[in-house]
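Think of it as A, B, C, D, E and F in the order they're written, each chain with its own count starting at 1.
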Amino acid sequence: GEVFDKELYQDNSVPGVVTGLAWTSVGGEILFIEASLSKGKGKLTLSGQLGEVMKESAMTALSYLRSKADKLGIDHRVFDNYDLHIHVPAGAVPKDGPSAGITILTAIASVYTQRKVRNRLAMTGEITLRGKVMPVGGIKEKILAAKRAGITDIILCNKNRKDLEEIDDSYLKGITFHLVDHVQEVIQLALLDELVDDSISFTFDNQRVTSGDC
Amino acid sequence: GEVFDKELYQDNSVPGVVTGLAWTSVGGEILFIEASLSKGKGKLTLSGQLGEVMKESAMTALSYLRSKADKLGIDHRVFDNYDLHIHVPAGAVPKDGPSAGITILTAIASVYTQRKVRNRLAMTGEITLRGKVMPVGGIKEKILAAKRAGITDIILCNKNRKDLEEIDDSYLKGITFHLVDHVQEVIQLALLDELVDDSISFTFDNQRVTSGDC
Amino acid sequence: GEVFDKELYQDNSVPGVVTGLAWTSVGGEILFIEASLSKGKGKLTLSGQLGEVMKESAMTALSYLRSKADKLGIDHRVFDNYDLHIHVPAGAVPKDGPSAGITILTAIASVYTQRKVRNRLAMTGEITLRGKVMPVGGIKEKILAAKRAGITDIILCNKNRKDLEEIDDSYLKGITFHLVDHVQEVIQLALLDELVDDSISFTFDNQRVTSGDC
Amino acid sequence: GEVFDKELYQDNSVPGVVTGLAWTSVGGEILFIEASLSKGKGKLTLSGQLGEVMKESAMTALSYLRSKADKLGIDHRVFDNYDLHIHVPAGAVPKDGPSAGITILTAIASVYTQRKVRNRLAMTGEITLRGKVMPVGGIKEKILAAKRAGITDIILCNKNRKDLEEIDDSYLKGITFHLVDHVQEVIQLALLDELVDDSISFTFDNQRVTSGDC
Amino acid sequence: GEVFDKELYQDNSVPGVVTGLAWTSVGGEILFIEASLSKGKGKLTLSGQLGEVMKESAMTALSYLRSKADKLGIDHRVFDNYDLHIHVPAGAVPKDGPSAGITILTAIASVYTQRKVRNRLAMTGEITLRGKVMPVGGIKEKILAAKRAGITDIILCNKNRKDLEEIDDSYLKGITFHLVDHVQEVIQLALLDELVDDSISFTFDNQRVTSGDC
Amino acid sequence: GEVFDKELYQDNSVPGVVTGLAWTSVGGEILFIEASLSKGKGKLTLSGQLGEVMKESAMTALSYLRSKADKLGIDHRVFDNYDLHIHVPAGAVPKDGPSAGITILTAIASVYTQRKVRNRLAMTGEITLRGKVMPVGGIKEKILAAKRAGITDIILCNKNRKDLEEIDDSYLKGITFHLVDHVQEVIQLALLDELVDDSISFTFDNQRVTSGDC
């Protein structure tokens, strides 16, 4: 059944919530990646009946973000001082596959930077550890689902361009497509400079002394 | 068999005990979510033969609560200095599904704030990590079970409104329905301002020095 | 085969040993819950081929006890400074179910308080996390086994009263039944004020500094 | 095949090696429990393709010993500062059951006290956590195996006395039977006061400060 | 489908990305090993649906590198202060076998030294813990895949020389083969002296005091 | 296929590499046990698709070595300050059984002492925790494999002497057999006094203060 409501992905007041596009045997669907932080010791929790490939996708997204923390203006101590939870409703529906990679990456980038996510934007694409975006399947069905839901901007892998060309133009009207090769482009497109209201002021334990270099 | 007694959910002297509504092949049923804290290191224990989806529901509820600790007046050190146990009697009956989400959330909110739970109140609904309440099934059967048990107030997801409309009014008499979209509403409805008698005075280890921000 | 001997449960010189009542396909049986402590770091070990439900029962009993440590006069540091082992002989016989709940609770209450367990007493009943005692099955068979073994007092859940009424009075003669609703009653009935001989003097590591409250 | 040699169990120069009696589909057999300690952090390793019941037996034996450390003159710090390994050759032969309980207990008592094990002694019997010795099966076959191997003393549970009475006296000649109820008797019979040559001088890390009592 | 693009393995601006050669039921294929580091505590993460043998290959490569850290000019503190992630796209495709051993070794050597990987180079070969390179199968198919992809240099085990001799010369034209016995040769061939742009300046926690020797 | 080359086991410049003898359905085979150390915290890694019995063999060998560290001149701090990896090529071939016990023991004794392993030596035999060497099967096939490979010395368990007597003398010519009862003999035969070139100078963290004894 259709359990999501339009208002949801038009609301970007909460950090860490990003709209993805899934493809199941019965067609395309909107899904949400939710990421949240709480004071802790750096534990990662994944929930929403995620399969093994999707869990690896999340770990890959997190590793990419951590390795690029400096460039994104993220204090690396946040990774050890806050627990990260990634949840994908609905909780009882099994989900798998690598196509939520860029969506997960965007959700955790938003929650760690506390930057707002662009409105009415959806995305689908696999990521690799070096940040490359890779093409995924079910593009036509995903676009139809996005349209039904009022989405106006979709981020796809550049290599999915040929899938767009095979779709009748009437289906594409009203949506702006952003074709990308690298997750840096995804973040630039998806995250606003503006912070969310009530953004977290991260605080850290001060136990470690750092020194040396090479 | 019917192993629960009415007196139980009319007694809110114990924190962390909240009445839920379950739906099995043989009809609706009352169930209790029990949460308790003991001095420890932040370990989470789940018992009562809970399935994987229900465990994830509990983790999602806990993450939501931890990320909103400040707003709920919970000192975040309590999460590291006390162990949390969530149990769902009867111990030998397998249980699963996401519909106890708001019930679990309310139970742990009560035990961490030591606030009393409202009398004769039951609830059913899935939660997501950002606090959204989602609709669940078996509404009619659950309401019948609640009535038999003397419940006077039921919290449901706003999107379950259509299920109510399909039920004959005679069944709904005597129960006040609270339709909600967000768990903040659930907490406001379910938790009294009054603390339980003999409420815990939380104490903390003082080992960490906090500093810095971003 | 019958491997237990009468003298055993007439001997309460050892703390942490409590007589329970089990119900198998071949009738009722006496069993013993053994709990012991040794200097350690708070590890819990369960042995005796216990099934998942029985293990959860033990964890629930322990959580209840820990959350009520103050009321029972137990210094909470004992939970972190001693390892707890719960064993149920015979070691090769698989056991499961929630009905040993109050027996396990009594065994660990005895070992943490070093109080003697009442002589010739047996018990059966599920516990919940808030300390409620719940009814269990096989009452008739369990009573017969207790009689054969020389038991004079049996603790049951109040809700098992109807099972007693269905048993011919001749079977009940010579046994005093204690019907309870809450584990506080169980502890009061089962534990003597007197400490065992050679009771442990608990000692603690002194590493943590406690402070603050809320 | 017969892979053990007589000289072995006539040599008690090594601590922690005790002769047990096993019973398989093809008759009785001698087996050896080997226990060794090495500087570490209190890790327990079990090897020799041991089944779940036998592993629980070992944990029960260890818990008993730890809880009685004072009485046996064992400095409790040794449990945290040395790793314990229990191995049962032959390494490729699966073994299970509770009957090696007292043999394992004796092996680890020897290695922690560095006391010699009595010569030409074998034993078989289950232990419980409070130190009770329980009867086991296959007594006749085990005795025959012990005789073939030159054993002169066998420790059995008192409740196995009836098994002895059913065996023709000619089979029992030349062996002294020690019937026991409690593991304290086993230790007294099996361990000599004399330490092994080259006994370990235990040393401890000195990080913890102990204080308080109750 | 063909999801890789040529430009990728001609770009060595990113450290830790090395081109391997895989052999599946449908022929040879190019694959990429991606390794990345982020500030952490030395955790190893493997992703990309790797089978058990391939995971062991990665652990063997890492152990080799760690044991030779001094010779490669790697400060050993980097292993405890940075987390290593190894990912092999595409994320949903299961992969197994030992033949990526030298490719993984090269990827992690690059990321720990921040040295550039040689352009248009591919490799295939098992490694052992002492650094020996062992021959692998599917050489002909792998070479064809490399040619299609524009590879100009291939590293193989010396013992795969006979496989080359069985291939028609026309297939080998345009590719330089480097036959090696030891991973030291692989590293010398594959890693340039030049560091990548924006190379990481490793920093370390300073908690440990080192002393003594033997 | 035959993937090993003669030169390998004639080269003892690398510590921790020892030649073993395996017996498969297709005859005897040479195999290598590789052990390596890297600065760490005492982690043990086993790879090469080892079965459960072979892993237990490795743990038994390591426990024996640790418990005899003083006698072998090994500073016990090395076990906590270095990670040990044991690998058995070829990486994709499953291996199991206890017969590599003495080979593994010799490999780790070499790597912890940095002593050279004797040239052209192979061995096969199970070990027990007290250091006893036990006989193994497939002796004839193993000897043939050793001869083909240029081995000149073989260590066997004394109890395998009868297997030698059943082999035609022509097969034994050119090989010296060393029949042993205890691993001390194995170490004495297999390890040279000479250290390897570039032997590791072990260094230790200095965090622990040791005191007391018994």
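Keep this in mind: a residue touches a chain if its C-beta (ideal position, glycine included) is under 8 Å from a C-beta of that chain, and two chains touch if they have at least 3 such contacts.
Everything numeric here is computed off the predicted structure, so don't read it as measured data.
Looking at the partners of subunit A and subunit E together, they share no chain. With steps allowed only between chains in touch, the distance from subunit A over to subunit C comes to 2.
Its C-alpha atoms superposed on subunit F, subunit E is turned by 60 degrees; the angle is given in steps of 5.
Looking at which positions face the partner, subunit D and subunit F present mostly different ones, since fewer than half of the interface numbers are shared. For the pair subunit C and subunit F, the distance between mean C-alpha positions equals 51 Å.
Subunit C has its Cα centroid 29 Å from the Cα centroid of subunit B. A straight line joining the Cα centres of subunit C and subunit E is 58 Å long. Residue numbers of subunit D whose C-beta contacts span two or more other chains: none are found.
Judged by the touch criterion defined above, the protein chains form a single closed ring in which each chain touches exactly two others.
Circular chain order, beginning with subunit E and continuing to subunit F, reads E, F, D, C, B, A (contacts as defined at the top). Of all residues in subunit D, those touching subunit C in their complex are 52-53, 56-57, 59-60, 63-64, 66-67, 69, 76, 79, 97-98, 101, 126, 128-130, 132, 134-135, 159, 208-214. Touching subunit A in their complex are the following residues of subunit E: 3, 5, 8, 14, 16-17, 32, 34-40, 45, 47-49, 75, 77-78, 83, 85-87, 89-92, 201-207.
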